[in-house]
Amino acid sequence: MDSVLQAILQDLEKTFAAKGSEFRGQASLLVPADQIVAAAQALRDQHGFGMLAALSAVDYWPQPQPRFHVVYQFKNIPQKLRLELRVALDGNEPELDSISSIYPNANWHERELWDMFGLRIKNHPDLRRILMPEDWAGYPLRKDYPLGYEEVEFTFNFEEIEQRKPRPKE
Amino acid sequence: MGIESKLGNLGIVTTTLEGVVNWSRTGAMWPMLFGLACCAIEMMGSQAPDYDMSRFGMELMRASPRQSDLMIVAGRLSRKMAPVLRRLYDQMPAPKWVVSMGDCASCGGVYNNYAIVQGVDEIVPVDVYVAGCPPRPEALIHGIMTLHEKVRGEKVRDWA
Amino acid sequence: MLQDYLPIVVLVLLSTGLAVAAVLLGHLLGPKRPTAAKLAPYESGMNPIGPGTRRFPVRFYLIAVLFILFDIEVVFFLPWAVTFRRLGVFGLVEMFVFILVLLVGYVYAWKKGALDWE
Amino acid sequence: MTISQIEITSDELRHLVSNRALEGETLLLNMGPQHPSTHGVLRLLLELDGEKVVSCIPDVGYLHTGIEKNIEAKTYEKAETMTDRLDYLNTMGNNLAYCLALEKLVDLDVPERAQAVRVIFTELQRISSHLVWLGTHALDLAAMSVFFYCFNQRERILDIMEMCSGQRMMTTYFRPGGLWRETAAGFEEAVRAFIDDFPRRVDEYEGLLSKNPIFLDRTKNVGAMSAEQGVAWGITGPSLRGSGLAYDLRKEEPYSGYEQYEFDIPVASEGDVYARYWVRMQEFRQSLRIVRQALDKLPKGPFRSSNRKFVPPPRAELGTSMEAVIHHFKLWTEGFSAPKASVYVAVESPRGELGVFLEGDGGPKPYRCYWRTPSFVNLQILPLLSKNHLVADLVAIIGSVDIVLGDVDR
């Protein structure tokens, strides 16, 4: 991790009470949930991270304390730097502030977080499901959501599965 | 095909009504442009000059269901897309057939999960299943040839 | 004299007859299975928003009229092109006058801005 | 009869549609999932004032396949077959991104020859993906013959891929630690024959389109995008390079040996549909340059790393050494396990930055594998680009942003 990124990390750790870490040369910063909008604003304006490359979430299901980690990947194009910001969220229906006012492309990413993980995003311009049908129940990418697969048909259970398989209404 | 086969060459060809109608239906069966995913690229590949599906009367991929006779479901059908597929199938005029191209359309394929309809035959009645992920253009054309044989075998009773 | 027009009459009768026959046979013999879904307007696979017949801006009508105008102009070229040799220079001048008149109309429409969409 | 009596289907909320549409003055139209020029199952709710697009609301998800959920249910090695179907025009690129992320997570080395062959195949895949883009983009603008020429050339590339990996599109040819198998005999001759013959074809396409007045009218200053807009919206790839910013991950963060090859990044400045077209046409030639250099100095040596903890031993060894049998058994039943950490690796796919966020939990199955796909991000700017354009220009803009719906919906 080169020195410029080191300096940025120290500065962010002080101002936002964050905890930096490093793995295989990639810097990561754990920021408290309510500081995320300020941190994103600082990253873009002071440190020149112009692009929000990726925004996703990880579900540590059985462990309720920080149940979700929302992971932001920022990219500083002029200085060729990448930084990962993590936000820990607790409980099954967590809330999160939207940064789509700072990075416009966070709009769809946050809609996907809501759709796939059920993270309610506050003051998001248009929070709807993006990938699943509107009336879909449940949040698919959560660890406690079953993969929802169809039972594999063998010769011994072929008949009963055939009955249960929906037929096209002609 | 009719009596001239017994009485020798009468200079005219006699056939049955089924023979003529089925021949005309297999002659120009226009598929509907309904590519979903990776199989759609292979379907475009089989429409392109190297494999040229138009040799079998499939010259045009009609965009609207009103002018197409065959629906090739090329790709994986997601739960959100299922009602759309059913609506398109309903909006096709009467003599219509369905070819389910690829494993994902035929049985859900590698995706045995919440998002993919496990086989298009849950939504629309399928005539020919083409296996492969994605099936080679030759496999798709072979599937269409089997469909043509099936259509040639149809009887008047089926149309009633 | 009447004999000369016989082929045209036969042509007209034959063509309209064939067209009408095709449509009529299709209408009479073809199976009709209207279902609610089949009759719904097709909107690339989705539930159509609003009825099929909706109010359209007048610019479409303007473009349609301009097209008809210049299409008929082309239709008049055909008889001229067929008898081009026999008409000779007189036909050429006559046709250029005809084109000139329509050109004035075209330039007027162009300058008035009827052609671009705004 | 105002529009409010017509129930707008539940997924179109009224706050997105302007009130002119509610009074019925502008026309609400679905450019829906089944449309010849949406390059897949993309649905655009268009609000039209005559032919002019007042606003366009993309609605994606019609090809959502739950790939990330399926990856979490498979071991690291088996999960790679899921990656082929993501961006089905860039299967080798997806494999490369997944393998690089995995190799970084478990710190696995890749021999020189495997890196060079990976570069050759990724560039060939870029050419084949650009060929499909060019074919369908020109088809949308009524140049039908270009579609046939492009697909004819694409078959040559698919033959090379089938020769080595046994499959035309879903290759899964790259494996963690290198390649699945040594390249087939006759591989170098086939690739050399292709790169000797292909430049003539690119000039042919340029001759057909670049100075064609109809094509120029349809593409010049349509859907212009500035570089700042692009970066703010996270646009990457040829769409951003068309607006004047030379941001190419093969140069920014060289991976898999890209720093050895010298090639330049085509950049245009206008940022309109023609600029993006021009950038991709130059990328044909740059990819050929890379393949030629990689082929000339293709090193000999092993095609896969010899680290037995992650790479199953060759079958010949199974007869002689006991450790090989143990490794073989462990790797093919339970699979190798990765440390409890996360990694983000981004590669340059033909559409932009393709990033893999891979998180391991110490077990043999990926805990979370998020795909930052370029089409998902590039599509967000479509409403901005298509404002106040005609519907015909919207078709050209969709073609120029080059989205693949498998990429968008994952």
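A, B, C and D are the chain letters, set down in written order, and residue numbers restart from 1 in every chain.
In the analysis below, contacts are C-beta pairs under 8 Å (C-beta built on N, C-alpha and C of every residue); 3 or more make two chains touch, one makes a residue touch a chain.
As the structure is a computational prediction, the values presented were derived from the model and not from experiment.
J.: Among the chains, which one keeps its Cα centre farthest from the Cα centre of chain A?
T.: When every chain centre is compared against chain A, the largest gap points to C.
J.: Which of the two pairs, B-D or A-B, is linked by more C-beta contacts?
T.: B-D
J.: Please identify the chain lying most centrally, where each chain is represented by the average of its Cα atoms.
T.: Minimum centroid-to-centroid distance belongs to D.
J.: Give, as an integer number of Å, the spacing between the C-alpha centres of chain D and chain B.
T.: Centre separation, chain B to chain D: 30 Å.
J.: Between chain A and chain B, what is the separation of their C-alpha centroids in Å?
T.: 42
J.: Could you please state the distance in Å, as a whole number, between where the Cα atoms of chain A are centred and where those of chain D are centred?
T.: Result: the chain centres lie 22 Å from each other.
J.: Could you please state the distance in Å, as a whole number, between where the Cα atoms of chain A are centred and where those of chain C are centred?
T.: 57
J.: Could you tell me which residues belong to chain D and also touch two or more other chains?
T.: 32-35, 61, 64, 66, 69-70, 409
J.: Tell me, which residues of chain A touch at least two other chains?
T.: 131-133, 140, 147, in rising order.
J.: Please set out, as single numbers or ranges, the residues of chain B touching at least two other chains.
T.: In chain B, residues 80, 84, 86, 88, 112-115 touch at least two other chains, as defined above.
J.: Examine which chains touch each other and state the graph shape they make (line, ring, star, complete, other).
T.: The chain contacts form none of line, ring, star or complete graph.
J.: Quick one: which chain pairs are touching?
T.: Pairs flagged as touching, ordered by label: A-B, A-D, B-C, B-D, C-D.
J.: Give the list of chain C residues in touch with chain D in this complex.
T.: So the residues of chain C touching chain D come out as 43-51, 54-57, 59-60, 117.
J.: If you look only at chain A, which of its residues touch chain D in the complex?
T.: Within the complex, chain A contacts chain D at residues 23-24, 26, 28, 50-54, 56, 58-59, 71, 73, 77, 80, 82, 84, 103-105, 107-108, 126, 128-135, 140-141, 147.
J.: Across the complex, what residues on chain D touch chain B?
T.: Against chain B, the touching part of chain D is residues 32-36, 40-41, 61-67, 69-70, 81-82, 85, 88-89, 132, 135-136, 147-148, 151-152, 154-155, 158, 168-170, 405-406, 409.
J.: Note which residues of chain C are touching chain B in the complex, please.
T.: Residues 30-31, 33, 35, 37-38, 40, 42, 45-47 of chain C touch chain B in their complex.
J.: Can you check the complex and tell me which residues of chain B touch chain D?
T.: Its residues touching chain D are 32-38, 40-42, 44-45, 48-50, 61, 63, 75-76, 78, 80-81, 84, 88, 110-116, 133-134, 136.
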